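Structures incoming, each one as structure tokens.
You will see two complexes here that share chain A, one where it goes with chain B and one where it goes with chain C.
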Partner chain A sequence: MIKKIISIFIIIASIVSCSSSDDAGSGSGNSVDGFNRQSMLTNWADNIIIPVFQDLNTQLADLVTSKNSFIAAPNQTNLEAFRASWLKAYKVWQYAEMFNIGEAEAINYYSKMNIYPTSVPEIESNIASGTYNLSHPNNQDAVGFPALDYLLYGVANNDMDILSIYTTNVNAENYKNYLSDLVNEMKTLTNSVLNNWTTIYRGQFVSSTANTATSSTNKLTNDFIFYYEKGLRANKIGIPAGVFSTNPLPKKVEAYYKSDVSKELTLVALDAVQDFFNGKAYNSNETDASFKQYLQYLNSVRNGEDLDVLINNQINLARSKVVDLNPNFTEQITTNNAEMTNAYNELQKVVVLIKVDMVQSMNISVDYVDADGD
Partner chain B sequence: MNFKIKTYLAKQTSAAPLVVFRMLFGIMMFYSIVRFWAHGWIDKLYIQPDFHFSFYGFHWVKPLGTYTYLVFVVCGLAALFVAIGYKYRIAIITFFLSFAYIELMDKTTYLNHYYFISVLSFLMIFLPANVSFSVESYLKKVSYAKVPNWTIDSIKLLLGLVYFYAGLAKINSDWLFKAMPLKIWLPSKYDLPIIGETLMQQEWFHYAMSWSGMFYDLLIPFLLLYKRTRLFAFIIVIFFHVFTRVLFPIGMFPFIMIVSTLIFFEANFHQKIINFVIGNLKFLRQKIAISNAIQIKVEDQYPIRNKRILMPVLMVFFAIQMVFPFRYFAYPGELFWTEEGFRFSWRVMLMEKMGYTTFTIKNAETGAMFVVDNSDFLTEFQEKQMSFQPDFILEYAHYLGDHFAEQGHENIQVFAESYVAINGRLSQPYINSNVDLYKENDSFKHKTWILPFNDVIKGL
Partner chain C sequence: MKNIFVAATLTALFLTSCSSDDVNTSTPDNTGVTAPETYIFKRGGESSVSFGGQTTRILMAEEFVSALKDNTKSETDLNAMFTHVEGESDFTDTDLNASGKNIRSKVAASKDYFSANITVSNEIKADFDAWIAEQANIVFPNWTTTATSGVAGQLQQFNGGSTRYINAKGLELNQAVAKGLIGGLMADQMLNNYLSITVLDEGSNKANNTNDIVEDGKTYTSMEHKWDEAYGYLYGTELDPSFPVLGADSFLNTYLKQVDADSDFSGTANAVFEAFKLGRAAIVAKNYVVRDAQAQIIRENISKVIAVRAVHYLQSGKTKIAEGDMAAAFHQLSEGFGFIYSLQFTRKPNTNAPYFSHNDVQAYVAELMTGNGFWDVSNETLDTISEEIADRFNFSVAQAAN
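What follows is the complex of A and B.
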């Protein structure tokens, strides 16, 4: 009897220990009737994430080229071309920021590319001293697109004065060096993220189909929600509109120095979020397995509300509020902040739908505390 | 009647089941504490957070910084002493107090099975679980073959109550007629081998699991009581708990329940465990050899002392256990929604509930306001738990109010904007966002600022 009991315990222990070893690639994700998670991961990787990083890498290569021309000959034409490549790359960046996974997560990619408001004192002191480590965390607010925004638009009052910074200024060489190092760093970082995706990470990403806190679906879902809530809703609209502070902070908008593209960038980011939700391929109208399809599948099991429709409708409503805003958010905030907070409120409702309803439907854990449950 | 009770109370039985239970309980508790520590949860759950959610009336129970580890050391050692049966009474009291202290430090981590451990260890204070097969009996050179039958029955009763009440709680329309929340939970286990993509995705399977779960909980105490169904019941117990362990992250609980149900087995089974343990421990065998020379006097019956205090205490204890889970009748509104009377009632794995709650700090005079970033104050785990439980929301609102008052803000009002989704229903507004929560005080009264649940869940 005792021996029987003991052998039963050993069997239980081995079953449990085997089954709780997570993420070992168990569960192919393929099934006839159910939802195919692996095809969702494949669609994300092959049709969205990798193409986005490829495009971003190309844009940054262009940025490097126009930067080189500008440094060789800092004139108005080259400045315009440089600015145009900056904006083009910045828009593609809006598609990339949410994919804070793999190499991007490991090297803290996002915080080296788009922390704003950028710190003018830090940039200026780096330039003045001529010695700096751009990948140091202290320099997060002195690098990336926002730092370029300052150096291309805000470093002086008008284009002539800006050009003189890079030509006649006593520190002109240091300014040019900083500009150059900044752009090269962005290109290097992007290259390493893309490279990692195309060489090793794609395979790992696609085969990690389990439902654990560290599996691809769960991590990217967390990233997606985090990006929407923080990177888009809070950073682009909420913080400058003063939602989280006693007074509005109009200088905290994205691309403050360029000034008239804050709305444009927000709209691109909103498209990026919605396209990802719907599984729409980057730069094509093809759609494939996605959150939307996953929710539709779960809904067919459960006969609940059409959550995917509700989420798309709410994103559309939020977009319509953003579209009505001034292209220059700083102006919008100083003239009529109520419209800005209205837009924020509609964006906020999407958070509830994705963070509560969508996550509950998919039963994905949003936190990494692996404490016991009941 | 009175006579019947007296004969029942006088009935004696082998002490083996009780002393084996003591040993296994002690070992499992010791292991649980070690496991908790090894996972780094002491640091993560009790030391890192700046703020802790307290149970009503227990605000004075807080983590003690680095000394929190000491509480766990004390608790673990006490469990070990219980296992070997040394200074049993002091050990089990120490275990109960330290364990309860740990559970009271932050209600974010509340789990029914922690409550079960607290309650069980409280009961064990009053049971003579150390009278034989213990270091104590070796040192005192006396052991007792028999203990009053009711001492073992009291553990069976507590276990039975846990199962039965968990079963009663499952008699509700969501569980039985919508297969909720299993319909959410099971399909997400698609990554299990073989059954993940097949059984787990089938609607009939969700219903089958819901119904059999309810019957399991309601019937298992009775099936364990009767000798003819006992072995069958125990196999079901093992299957059920192993299955839930595979499906859900429930840690030690399945093992604790499986091992606890051994108490239902006959004395000769437990005697075999004792013989097995003694036979396998060389060290013990040598000691026994010496002790045989010293001779442990084996007395027949263990005389229970202080019966006059003991009996009323246990009667009150069980009366509370039976009545307390029904306290929700005293509150209006849907229990699952308001959670007034939800905890300490064996409502285990009963609902899928998530929320999203943000707080606005407003100056009542100027109207200036701003929204709080919860991650400035709470861990992700705390924020998750806070977002759908009204008592958490209120306590946190007060904490925020106090915090910003200290920072020099004036005429503070705290408003919550909250959305909660339950069992697959679409999220709905949860808290009246016009009520200044800074002016509301926590109490056992109904919280009027919880918005009504626009649906019905029928049942117990």
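What follows is the complex of A and C.
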């Protein structure tokens, strides 16, 4: 009898759920489909998101330290140490960029950390004038990791000339100040995002279990897909490969001035996406409630195959294409862009699986559309 | 145990109630959806139909293919028209110059076929680029040269007919481009993009349409608009697009008319128009099963238009070769070449595939262009290709040839 009632309820619920996308959840940890969203939110917050921001905050503290050493003594040794801290932090950033929620969303964190290509004229004009507001939206392409990429690798043609920018150049003080302000700003922003998570936001996040457009699962699912589609697929590969333009734009790669780490950063980002999908803890190999488990719980299949398996397989296939690319994407695009677009093709196939099949299974609405019509 | 039961029930329900691949068994008669007489749809007394972007691109394509026959144009001029940038004076029509749209960005660019197939999309775009370059750099400088096998130039048709300007293989590159665009731009965007479930139902389109949520400041829902954009690629240059008379452009609209004029294929144009109207009415009625069934009808018929014209021109070319009128033959074969190229953008109903794949088409192109191309193409080659195309579309070569 109870089973009958449940199944009738489910029948009604799922009929409703097919036509409407904003129905409220049950209010307990369980959403209308019975999956315990709270356990997934808890895993995301405690084992992935907060540890990622903790690590990023630590890396940025190191970056501040090596920046301070460099400014105190701009020599080759300190330059190299500074660059090493930059790359290490940039890799951890690849794990953080997708979590554009809570404080990160409120302060537009991502736009202040990783907008590229960075604008050399804006950076140089800020430095020349010595007055700037780094958190102003106009400066989003003059700050963050890409601005550092320019200042540490691209500001002059070789290391000796780069060092002279910070020593003998007439504007050396302004250059050093900008470098310092830039790094301090990144640290401050990251600190505030982390703090918000550990003090207020974590509780709100895990208790928002309903299925509305503003519920935690719905929002972060959208953030995850948006990040994958835009931050990873388009920004790292598609845009420089010319997928959205008449010609390839090889200067639009991530870390253009360092030049030989674009692939490495992309591979880290792919790991971050896959780990999040599988609910893998940031600091260990433990896995817990996740998209993967959710899809398994719903027994989601596509053409007779388990959707969670298809998604992992497709990410793996995409990774194998990226692995084959030149570490320097600019070179790859200039010499053989077809390999770049082949990698893009496999990355794109993941979009369909997560943006259509996955969200339909979980009855989550995608809250954005490609602006690509006429 | 309960969870498993619930999950299984849910899954079964989702599979049946949410599947987007439902095979439609309904006919328009028993669906409760009625198509209006004309393609007029309104919301709050105002028209909810809009496809300005499609009209713009067709008009750009018109000027562009005309320019391909103007030997004063440079490769740069032609490319500028093909890849127009907003504000540049590439066209005589100032409205087109002001537009931010261009032709090339929508060639081989449908969501279903090319969103995860960029490498092939780029190869196709590069084919168009190469035809344009060869026209400007080889054919234009030889505008007054008499064409011979292996030499680009001009040839006049018998009885004081038109002069044809061809490359060294007898191919009119302007025809390759123009007829290639019928598939690569119009059919691909219609059949594989705007009529695609992926596009029609993208994001919240379905929920918004069901709840009558229109686009910001517009009179239409996104889904209605997508459907209209498909409509626009076929009827966008009609004087009264709500009631098409056909023959309005140099592209798909005109060739639908020509195929319909062949008694073996009469009714094709009406089938397409009726399906467009009924599909749009179904969107208004929120009946997505009927909508998707109409998309299949449009796909089948528009694909057939391309195939019929491909076979028709190969056969006419064969006849003209027999008559010894090589200029006329090359013109026919060049149109055929463009339609064969367009076959890769056709859409088999209820599949995600064209009737002829990119590789199939590449093989035909290679076969036709081998050696000195049309100068020495054999009747066997023309007949074999004709029969293969006709077979796959279930018509006969004879039906298409007349």
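As a convention for this text, the second predicted complex is superposed on the first by the 330 of 374 C-alpha atoms of A that agree within 3 Å, B and C clash if a C-alpha of one lies under 4 Å from a C-alpha of the other, contacts with A are read in each partner's own complex, and residues count from 1 in each chain.
We take it that a residue touches a chain if its C-beta (ideal position, glycine included) is under 8 Å from a C-beta of that chain, and two chains touch if they have at least 3 such contacts.
Nothing here was measured: the structure is a model prediction, and the numbers come from that model.
Novice: Touching A:Asn337 in the superposition: chain B (first), chain C (second), both, neither?
Specialist: The second partner, chain C, only.
Novice: For A:Asn57, using the defined touch cut-off, is the partner it touches chain B, chain C, both, or neither? Pick first, second, both or neither.
Specialist: neither
Novice: Applying the touch criterion given at the start, work out whether A:Asn218 contacts chain B, chain C, both or neither, answering first, second, both or neither.
Specialist: neither
Novice: Which partner does A:Arg37 reach: the first (chain B), the second (chain C), both, or neither?
Specialist: In the superposition, A:Arg37 touches chain B alone.
Novice: Is A:Asn114 touching anything from chain B or chain C once the two structures are fitted on A? First, second, both or neither.
Specialist: neither
Novice: Quick one: is A:Ile364 in contact with chain B, with chain C, with both, or with neither? Answer first, second, both or neither.
Specialist: Only chain B; A:Ile364 stays clear of chain C.
Novice: Between chain B (first) and chain C (second), which does A:Val356 come into contact with in this model arrangement: first, second, both, or neither?
Specialist: both
Novice: Looking at A:Leu298, would you say it contacts chain B, chain C, both, or neither? Reply first, second, both or neither.
Specialist: Both partners, chain B and chain C.
Novice: For A:Thr246 in the superposed arrangement: first (chain B), second (chain C), both or neither?
Specialist: both
Novice: Comparing chain B against chain C, which has contacts with more of the residues in chain A?
Specialist: Looking at chain A, the partner in contact with more of its residues is B.
Novice: Can you pull the chain A residues that chain B and chain C both touch?
Specialist: On chain A, the residues that contact chain B in one structure and chain C in the other are 15, 19-20, 33-34, 238, 242-243, 246, 298, 301, 352, 356, 360-361, 366-370, 373-374.
Novice: Which chain A residues qualify as touching chain C in the complex?
Specialist: For chain A paired with chain C, touching residues are 3, 6-7, 10-11, 14-15, 18-22, 33-34, 238, 241-243, 246, 297-301, 337-338, 341-342, 344-346, 348-349, 352, 356, 360-361, 365-370, 373-374.
Novice: Once bound in the complex, which stretches of chain B touch chain A?
Specialist: Contacts found on chain B: 39, 41, 44-45, 109, 111-113, 183-185, 187-193, 196-198, 201, 203, 238, 242, 245-246, 248-253, 258, 269, 272-273, 276, 348-349, 352, 354-356, 368-373, 379-381, 384, 419-421, 424-427.
Novice: Over in the complex, which chain A residues touch chain B? Could you list them?
Specialist: The touching residues are 1-2, 8, 12, 15-16, 19-20, 26-31, 33-35, 37, 209-212, 215, 238, 242-247, 298, 301-302, 304-305, 307, 310, 351-353, 355-357, 359-364, 366-374.
Novice: Residues of chain C touching chain A in their complex?
Specialist: Spelled out, the residues of chain C in touch with chain A are 2-3, 5-11, 13-15, 17-18, 51-54, 56-57, 83, 101-102, 104-105, 115-119, 122, 198, 202-205, 207, 210, 222, 225-226, 229, 232.
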